[in-house]
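The first chain written gets the first letter, and so on, giving A, B, C and D; residue counts start at 1 in each chain.
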């Protein structure tokens, strides 16, 4: 049933050929992957992680560097990126959760780690070319029945490629959240002490949530790098994290699909209505504040509750 | 080399007190309202720009220009508290995000008013005192003295005055305090406004040392929060100490190590402290 | 919203509309964000120029008269934003002339896409990295609207020469912001100094740094002759003040930034040696065109004229629009891009600046070297590179 | 013995909440621990359940040391506690509350084969079995009626019951109840007693803490009296209640309070 939601997206490019509109969609898809995965740790497990952009950026760097140094395909280059993300998530996660860092402290420590990561990439000139960033010239290939190997290049290829990645992410998230693991996440979010006395190893499940979220973010980062063809240390910046958080809040942190809506609004809106930079920053701030104070459930959540009410 | 080390340690101490005044605001707000006001840096920015305007453009003497600046910052603080923070009491994450939204609004407003071109206020007091081959800018010494004074006055006030004792009681045990007749709403608003006033004062002094940009607030709140955590959230002396430690770490760190990593030295310190003493250096065990 | 419906409509019709008698000028510059300095300034000059052209009732090419529509968007220095905006400009709005970007990270992101439109539009940007692409095949759409430090015609060379001649410096301490601009300066000037047999020390600082005493003290230990500080006024005010107050440095050498920080501390420093594309404070008195520009600026923006860096880009981008129109007139067309480009490269324009483009399309302009001694007496040398 | 507590002590800063307490609980019995407020009852339970770590002493579960282990580990070993003022997942329905509590049961029954739940074509057999178990427990605790209401909407008595239900869902061998009857009305207390007896009949060992003396007297096979952190009497409830020191300490206080 839920699958039907995707049909409009599949036929959309047939109606609108505009490169400009489609590229907004592509960016929205890729950022939606980051937002949906961030919501695993934030919305469903209740831990405010500031490491998400770092995972996104680190993976972007590792994938593109591997691809260019060893001349391997996107898919092969993705493996070390994911591997490293998992490793570092496990390390940082076990540090934070072992020391029982709650809410604010967790946010600050993860923020500290992501800033450190950014500074390393920024100053490791010999490898990362520092602040000048790196151009990513090659593109991923996929095998399609009939067509054989296709190079993902041009707006239509990327549209469906990133859409597929987003659907994959949503599928993974809904399977995990639909299982007992999802129940454990909820237990941790709602009442961690009780969860423990009921025999739930909160440490393990927090770690799982953190790692899974970062891993999916890593995929998003690699896609982003290969789509834009350029990576720079700002990908790991605080602002990147804040953007992702706002997408989740705007869309709604209580649902899997909410963040997708958030990603679309925050990516598309600035290009739909012309605003001066300052005006946009003000609007952005207002949106953030009003969603928190007036629509705490976010767009999707509010719509849902209206439907229930009606 | 020793000269260099000592000189920069002193400099670090002075710079640290600027972090400290923000840290103090963070600590107070957190203790009483249970949120971290990330927008404090912006109130510092407001204070700084107002001072610049009154001193450079309107031509008031500096000692006069400070007070309106502090008042404006506090006024904005009051507005922010009544419009926003009142609704996020004891909801840490919402408070965090609301203040982040507020940051982008205030910063954009500052851009509209003053553009990206930096403002460098006319020097209130220039030149430096030389001792033993080290030279410390006079203004920095004045700033240090004033900030330290304000922080100790705050400390004294908290232990002497009624509102202070109420605040302390409240931060220790809200229920009990309320039973003792502490008016929560009033107390919380007072503290939020006071912390923004502190930030405004910090800004007014900042303007005498450095050039002003609308983005200055973001940097200082990060340092302020780091300092507050270092010293231990909830401890007033801790926030001053935390600021100073942070300042010295950065100053001395960038002498012996590449200065490009300056911001990292503080962060590493903070993480280490959090892991080995989660309550901070001066914080009470919680 | 209007924009959405409209662009959707256009998209469905799948044919860019060329509005009657309107020349669309696109602009992708950072107006806000950490790296907005140059973008913000240049957009000011362009907006002013557009306003004046239209106030004068537009311009005539052949027997048709045209007005200019400026489609300016704020990239915030974010490559993602910029690439979407460029797509809108080229495909939806059908703009044939795009000003910007000044930021290299933005440029390298949009380059592969822009390439597809080679010959269909002109991109007039100041980004340093344009230098690596301009003059190569499929890049006829590029025009670099900023002077270039490196190379024989570049001013960096001449500046270093002058430095050696006038101060006889043997050792230079470089203190740069750890970002694109800073990195570029390192890459260009380290070899230049080496050629001249000058020793260099380098320290980088995080953007937003305000207190430099530690790193200045560190640099001063090496006893360099002169300090070569960052490139934007924001840190310059702090660096110059702290360097002189702390008695770390009293001699400064700048290839970006302005005289402002020097003047502020004129009694504390010995030598302030700065590359200024045009020394406005002086030119305003001697050159009526400059005087008019400053007056117009004040009238249009209703704020005082910023004598720091704003003139650099704002005035050059102001000129560029008039150059472009000139070229259109000469070419007798507003959309034959190839022809217009040829005319642009052919002309030497004498506006606020004396500008011409070399065969590859890189801008060459005269500049001033302003040198200030203690107490603020100033000597200006105009260098003619034409 | 199922559980042996040996010379257990806990100090909070200066004051000692529990000093050298030793006691044992045999399989299948209902032990009642009582004592005035501040006598260290809750501390004792929290120590056994691993919520807090002891300052000194040992806790043997089936002759194996468990002191200092993390709560979830102890729960997995078969010792589960309920909270004095019920802790619930307020936003969720009664059913979901108990469903979360089915964690250990699933773990024991299916182990790693739970991962099959992650497959898109997941087999529902596991969920069905658990669903039955949940329904049984909900019924046992007389909560069928409110099965789908959110926990936030329950009466205090029902909240307590839900607390018990969740604890039971963990299939504990030893269930530690922290003042289950406090704040309950007469008939609610009766229901609670029935439930606890049913529980015991299903083979669960119970350790009930309360200061409601009569309640304990009715259900407990054996009573232990605490005062100021140490055991002052132990034995059949009737005897312990008549023990002079208990009367003095306990009633004395009650008079003082009245």
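Note that in this section a contact is a pair of C-beta atoms (placed from the backbone, for glycine too) under 8 Å apart; a residue touches a chain by one contact, two chains touch by 3 or more.
Bear in mind the structure is a predicted one, so any value in this text is a computation, not a measurement.
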{"item": "Reaching subunit C from subunit B through chains that touch each other, fewest steps", "value": "1"}
{"item": "Chain nearest the overall Cα centroid", "value": "A"}
{"item": "Farthest chain (mean CA position) relative to subunit B", "value": "D"}
{"item": "Interchain centroid distance [CA atoms averaged], subunit A/subunit B, Å", "value": "33"}
{"item": "Length of the line joining the C-alpha centres of subunit B and subunit D, rounded to whole Å", "value": "48"}
{"item": "Whole-Å gap separating subunit A and subunit D, where each centre is the average of the chain's CA atoms", "value": "42"}
{"item": "Distance from the mean Cα position of subunit C to that of subunit A, given in whole angstrom", "value": "36"}
{"item": "Contacts with two or more other chains, residues of subunit C listed in rising order", "value": "32, 36, 178, 204"}
{"item": "Where subunit A touches two or more other chains at once, by residue number", "value": "122-123, 277-278, 281"}
{"item": "Chain-to-chain touches, reported pairwise for every pair that qualifies", "value": "A-B, A-C, A-D, B-C"}
{"item": "Interface residues, subunit D side, partner subunit A - complex", "value": "49, 51, 70-73, 75-76, 80-81, 83, 87-92, 96, 99-101, 103-104, 106-107, 114, 117-120, 122, 166-167, 169-170"}
{"item": "In the complex, subunit A residues that touch subunit C", "value": "15-21, 23-24, 27, 122-123, 125, 130-133, 135, 228-230, 232, 234, 270-274, 276-278, 280-281"}
{"item": "Of all residues in subunit C, those that touch subunit B in their complex", "value": "32, 34, 36-37, 40, 178, 203-206, 208-211, 213-215, 217-218, 221, 233-235, 237-238, 241-242, 245-247, 260-261, 264, 268, 306, 308-310"}
{"item": "Sites on subunit A touched by subunit B in the complex", "value": "48, 95, 99-101, 103-105, 107-109, 112-113, 115-116, 119, 122-123, 242, 245, 249, 277-279, 281-282, 284-289, 292-293, 296"}
{"item": "Subunit B to subunit C touching residues, read off their complex", "value": "1, 4, 7-8, 11-12, 15, 108, 111, 115-118, 120, 123, 126-128, 130, 135, 137, 209-211, 213, 215-216, 218-219, 250-252, 254-255, 258-260, 262-263"}
